[in-house]
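Each in structure tokens, the structures are laid out below.
Same chain, two partners: chain A is paired with chain B first, then with chain C.
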Partner chain A sequence: MRKNKWNSYLYILPAVAFVSVFLIYPILFNLISSFTKWKGLNFSAAEFVGLQNYAALWKDTVFRNDLKNCIFFMVLTLFFQMSIGLLLTVLLNMKLAGHRFLETVYFFPVVLSSVVIGYTFSHIFEPNFGALNTFLQSAGLSNLKRMWIGDPKYAIYAILIANIYQWAGMGIIYYRAGLAGISKDIYDAAKIDGAGFWQSFFKITIPLLKNIHVIILLMGTIGCLKFFDLAYIMTSGGPANSTEFPLLYLYRKFMRESNSGLASAVAIIIIILATLMSAGILKITGNGKEEGEL
Partner chain B sequence: MKKCRILSVLLCAAMLVTGLAACGKSDGDKAQKDGGGDGKIKLTFMGWQPELQMMNDKMLPVVKEKYPDIEIQVEILEWFDYWDKLTIDSAAGDAADIVAMDVDHIATFEDYYMGLDDLAKDVLGDGWEDQYNDGILDDLRGVSSDGTLKMMPSDVTGLWYIFYNKTICDKLGVEPPNGEYEDLARFAAEIKEKDSSILPVAFAAKEDVNLGYFYLWLATNNQQGIVQDAVEGKASFTDDAFVKAFDQLQRMYDDGILAEENFGLDAYPGCDEALKNGNCAAYLTGEWYLGNYLMGTSLKGTPTENDEMGVVTMRNVQGAETCMQKYTSFGYAISNECEHKEEAMKILEEWTQGEAANEWMNYMACVPAAKSVSIDVGNMKSEEAKKTYQKALDDLNQNPSVLRSTLNIELDNKIGEAVVSVMRSGLDVDEALKQIQDTADAVR
Partner chain C sequence: MSNAKKKNLLIEVILFAVAAIWIIPVLSTVQISLKNGGIQNYQDVFATKINEVMILPKMILNSVIVTGGTILIVMVSATLAAYAFSKQVFRGKHFFFVLLLSCYAIPMLSTLIPNSLLMKSLGLRGSYISMIFLLATANIPLAILIFKGNFDGISKTYIEAAAIDGSTDLKTFLFIILPMSKPAVVNVLVVLFIQVWNDFQIPLVFSTSPEKYTLTLAPTFFGLTQNRLDLPHLYASIVIIAIPVIAFYMFMQDKIVEGMSLGGLKE
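And then the complex of A and B:
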């Protein structure tokens, strides 16, 4: 029995070592460095300053604005990704002509690199020579032209559109799996009782996919908290920080301003927010369980 | 069964060892640097300017002829990517032997790159400092915290210059700008009137930091020395010179010089391509484009390949003496990790003073830091370029000058951010200046 126990430990040792070196150690190091004034790259020059970095972040209007951007972006992203993902899944599930081809088309952006999507949408929304403004000009709609990614009012929406385009297809995968778990008999029974498409959709499909909604909410929330790539490529957080998110702020503080202590504090705050939001979502949704489910 | 169990355990152990061993640095790189079997010393170089690609064609052959035992591997990245990679490489102790450097970044990287004074004296001899123009080396020493020279200067650059396309101006019947503010406003208005599809003056206002530098130039020309005084705490960023600079920016916006379209343009590729493609009539930027546009090195194959380009210094908007922003924009540093420091110093000498430096300067048409290097004006593409180039250089050398930045990246970023917020988000000027002052106090 004891021999089996030691063998078991040996089997899990590589995974434990990997997680310790690449996950636990960096988080602990990050936590320690968040309490230091550490400018530059050399940690031996860091000086313990307690909660000073956290106080600086609390006072920093730019960081608070970044958090606001993140929450705003998160709400809109989740709403559109879930609704578009679910609607598309339901339509694809009807197995209309060409549904297999459309499945590929809708899922394709998910496997594309963020760099490709970011650059493509940058060129579309580029205010001077971009595809959208050029199209509007040639269609006689030049009054609709805007500075898009050059205007603080519109830049975040441009990034939102790119993000929804990239990830709406992911919802299809999850909702597909969820729909497969709903018995057709329920829909048949509803039809017999006179329920139409939308009634079935709102009264049957949406409630019975609660588990899936929770999964997407959790992943979407964490994804938005660590959102970086599209904003970096399309706007670098500008103009005037209107598209800056916490992780872009972290990147700027660490890479551009060499303020490693402050950047570590931002990382810890993101971890805390992710934990609290995830716990909150699970609490509100009852851990994704149906009523009466154990 | 027992054999399977032992095999599984051994496989797990092997996975663990392999995974952790893969994290280390390869000794193969070291062997390669030592030249392997051919006896050559291999040095690595990393830089940012796309023009450095010409190194392969022009500069490296010169070095190869002079030092046949030294081989150089060149890696070129875009500006922002370069500093990101340099940060990671420097922290990991994996930086190239020789790296491109500019004065704004010396403070950030000084711990990773060696002081060059002693090495230069050993390799180049006692009189090595006399080879460089007066004051340049001391200015660079003043930037590092230990007072040592961290980069060998290659060229000096300055702001602000207006490169204009004379061919477009002639076609539209518009007189090119002469650099005075009122004339620039006239130029912008006439271009807009004659052809609304052409942007009168391109300016990389999308880049916060660029707009911030321009703002500091305006403030400096309102009161010389005010920026440095504010940084040191002898003056305040809420002083009148800074308030007036915002008014001047707004005036430029209202007069169409700083057009709305500029807030969607970055320097590269945005403004650069706009000028090369004939989408703008002028480009307000730094002296470092002299080679690209006046020598025509980057116009080949573009719609403006045969256009006449000229340059003029932008004058103080108040009409008083113009103070330039001037700094050692480009040079070379040697990594602390470099194992062939003497050879690296010989390369630095060649790249900053020697024939290779001449090749570089005549390609870029920058102001050389070394006395022995000169620009052949005969290489200029057009008569307009030849006519206007010397005046632009004279202004840079003769006008009073200050550094472009505050030498603190955090403060520079804050200034750029605040300026863009005022121009685009309606942030109150007093609030913006207060935020800048708070950052200046925090970083001092």
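And then the complex of A and C:
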């Protein structure tokens, strides 16, 4: 029998305190603030404007475009990360020579700061000296050269590639753990029945890794809503807002335009979307609330 | 060569080709960092001063302080809370647990405005504490999840045996649970270090003078007009940012990989 029931509250107190003060309270503040109009950090001068900020966001084509970018980016990045990650994992799982070395190489971008990845790829895509255009030039494909980051059509793909590079290694880690849980007997049985590599891959591997797919999808969607670093470093949301994301919009509205009420509304929308998406994915795939458990 | 051997060779070629592609960005960055001056570029970056203070070592120090402070707070609060959630019974347990976990989906940047206001009114604007508290808050939920998962696996028998021997809750926590969960502690520690050390958003927004910049803000600093460096020097600073983490990765690769597979990243 617990002698002192209040003990438990003391144990959770530090964690709850930090989260309440620096996360929960800000959310509530954002909620209230989103219904007002005020500048910079001068909240005392805030005036109540009801749903005006939300209406403005609804009408703002730039913001709608940001959301579109977010979804577009999310779908593409998840597709590539999952497919590249899974394929590499399956191949690595064959434990051919040098597989540990290969894994070290594939995973190392994950430990790098977004700053390093961002600047590195900014340079690779640099029109005049960057690795990509230099390579195209020397391969006789100079007509394929582009202003990768300066061109509204291509900039988002540049960021996409940087993002895939950074996180593909994570996919390998997750899938590897999942793969370890699939018995080799299933594959052997399939081989006896005449299944080839791709057949096993699509009919056995992919379906049996459903749990892992869910975890990656969940973290990927939340991650894309939180997306900021690479876009800020590589393009600042340009050119022509083609690579702007919701958080960048928030940042711009607050830091550059001092439109705090509007920025708060953006924050609330992002939080709502994140919650909805997580709930949605969990519901669709019929899983419980245990994230991160493999 | 047999068919199987041919297939394996093909796969190896593909895998190593991918690895080569993976290394290209590194080569590209190192190459430009050495342009026009070689190693001297790195020396120049280290020697840059503002107000007679060498700024890069200061940034490294700032990173160490912020990372260390954050790790301390997260480890203490998360292990204590996880212990309570895992082994104790109390009213509101489920409520608080869900509360803490649901914070995972919330980007810290969306708390930018209220926290800036809060820090300003607390007089903590631009201080180490502001960055440490915020980074800690961002990482506590996931740490709790990982620790609870690990503590759950520790059989209740140990705790009951300790209770019979007259151990208090705290003693049980410190001398039984913690030692038994060393692998998880190491994993979280290692992942925390990388996440906080690499963090860019919080220092970007919450430090007010270059003296408090962490290492990740070095390019921002060198990008400011008065400090503007040419490209090779800028990329030398990028390599300098990457080196501590890569060294850490080389030594602790297994622990890092294990830790990251337990719970996702901020992404």
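The definition used in the following text is that the second predicted complex is superposed on the first by the 279 of 294 C-alpha atoms of A that agree within 3 Å, B and C clash if a C-alpha of one lies under 4 Å from a C-alpha of the other, contacts with A are read in each partner's own complex, and residues count from 1 in each chain.
In this text, a contact is a pair of C-beta atoms (placed from the backbone, for glycine too) under 8 Å apart; a residue touches a chain by one contact, two chains touch by 3 or more.
What you are looking at is a predicted structure, and each value in this text was computed from that prediction instead of being measured.
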item	value
Contacts of A:Asp193 with chain B and chain C, given as first, second, both or neither	neither
Contacts of A:Leu88 with chain B and chain C, given as first, second, both or neither	second
Touched partner set for A:Met147, first chain B, second chain C, both or neither	first
Which of chain B and chain C A:Leu250 touches, first, second, both or neither	second
Residue contacts with chain A in the superposition, chain B compared against chain C	C
Contacts of A:Val62 with chain B and chain C, given as first, second, both or neither	first
Which of chain B and chain C A:Phe129 touches, first, second, both or neither	both
Chain B versus chain C as contact partner of A:Asp185, first or second or both or neither	neither
First, second, both or neither for A:Phe121, with chain B first and chain C second	second
Overlapping contact positions on chain A, where the chain C interface meets the chain B interface	7, 11, 14, 18, 21, 41, 129, 255
Chain C - residues contacting chain A, complex	8, 11-12, 14-16, 18-19, 22-26, 28-29, 32, 73, 76-78, 80-81, 83-85, 88-91, 93, 96, 98-107, 109-118, 120, 133-134, 136-137, 140-142, 144-146, 149, 169, 194, 197-201, 205, 216-217, 219, 231, 234-235, 238, 241-242, 245-246, 248-249, 253, 256-257, 260-267
Residues of chain A that touch chain B when the two form their complex	7, 10-11, 13-14, 17-18, 21, 40-42, 56, 61-62, 126-129, 147-152, 238-242, 252, 255-259
Of all residues in chain A, those that touch chain C in their complex	2, 5, 7-9, 11-12, 14-16, 18-19, 21-27, 29-30, 33, 41, 43, 88, 91-92, 94, 96-99, 101-102, 104-117, 119-121, 123-124, 129-131, 165, 167, 170, 173-174, 177, 215, 219-220, 222-223, 225-226, 228-229, 233, 247, 250-251, 254-255, 260, 263-264, 266-267, 270-271, 274-275, 278, 289, 291-294
Contacting residues of chain B [partner chain A, same complex]	5, 8-9, 12-13, 15-16, 19-20, 23, 83-84, 87, 90-91, 108, 111-112, 199, 206, 208, 260-261, 263-265, 270, 274, 279, 409-410, 413, 417, 420-421, 423-425, 427, 435, 442
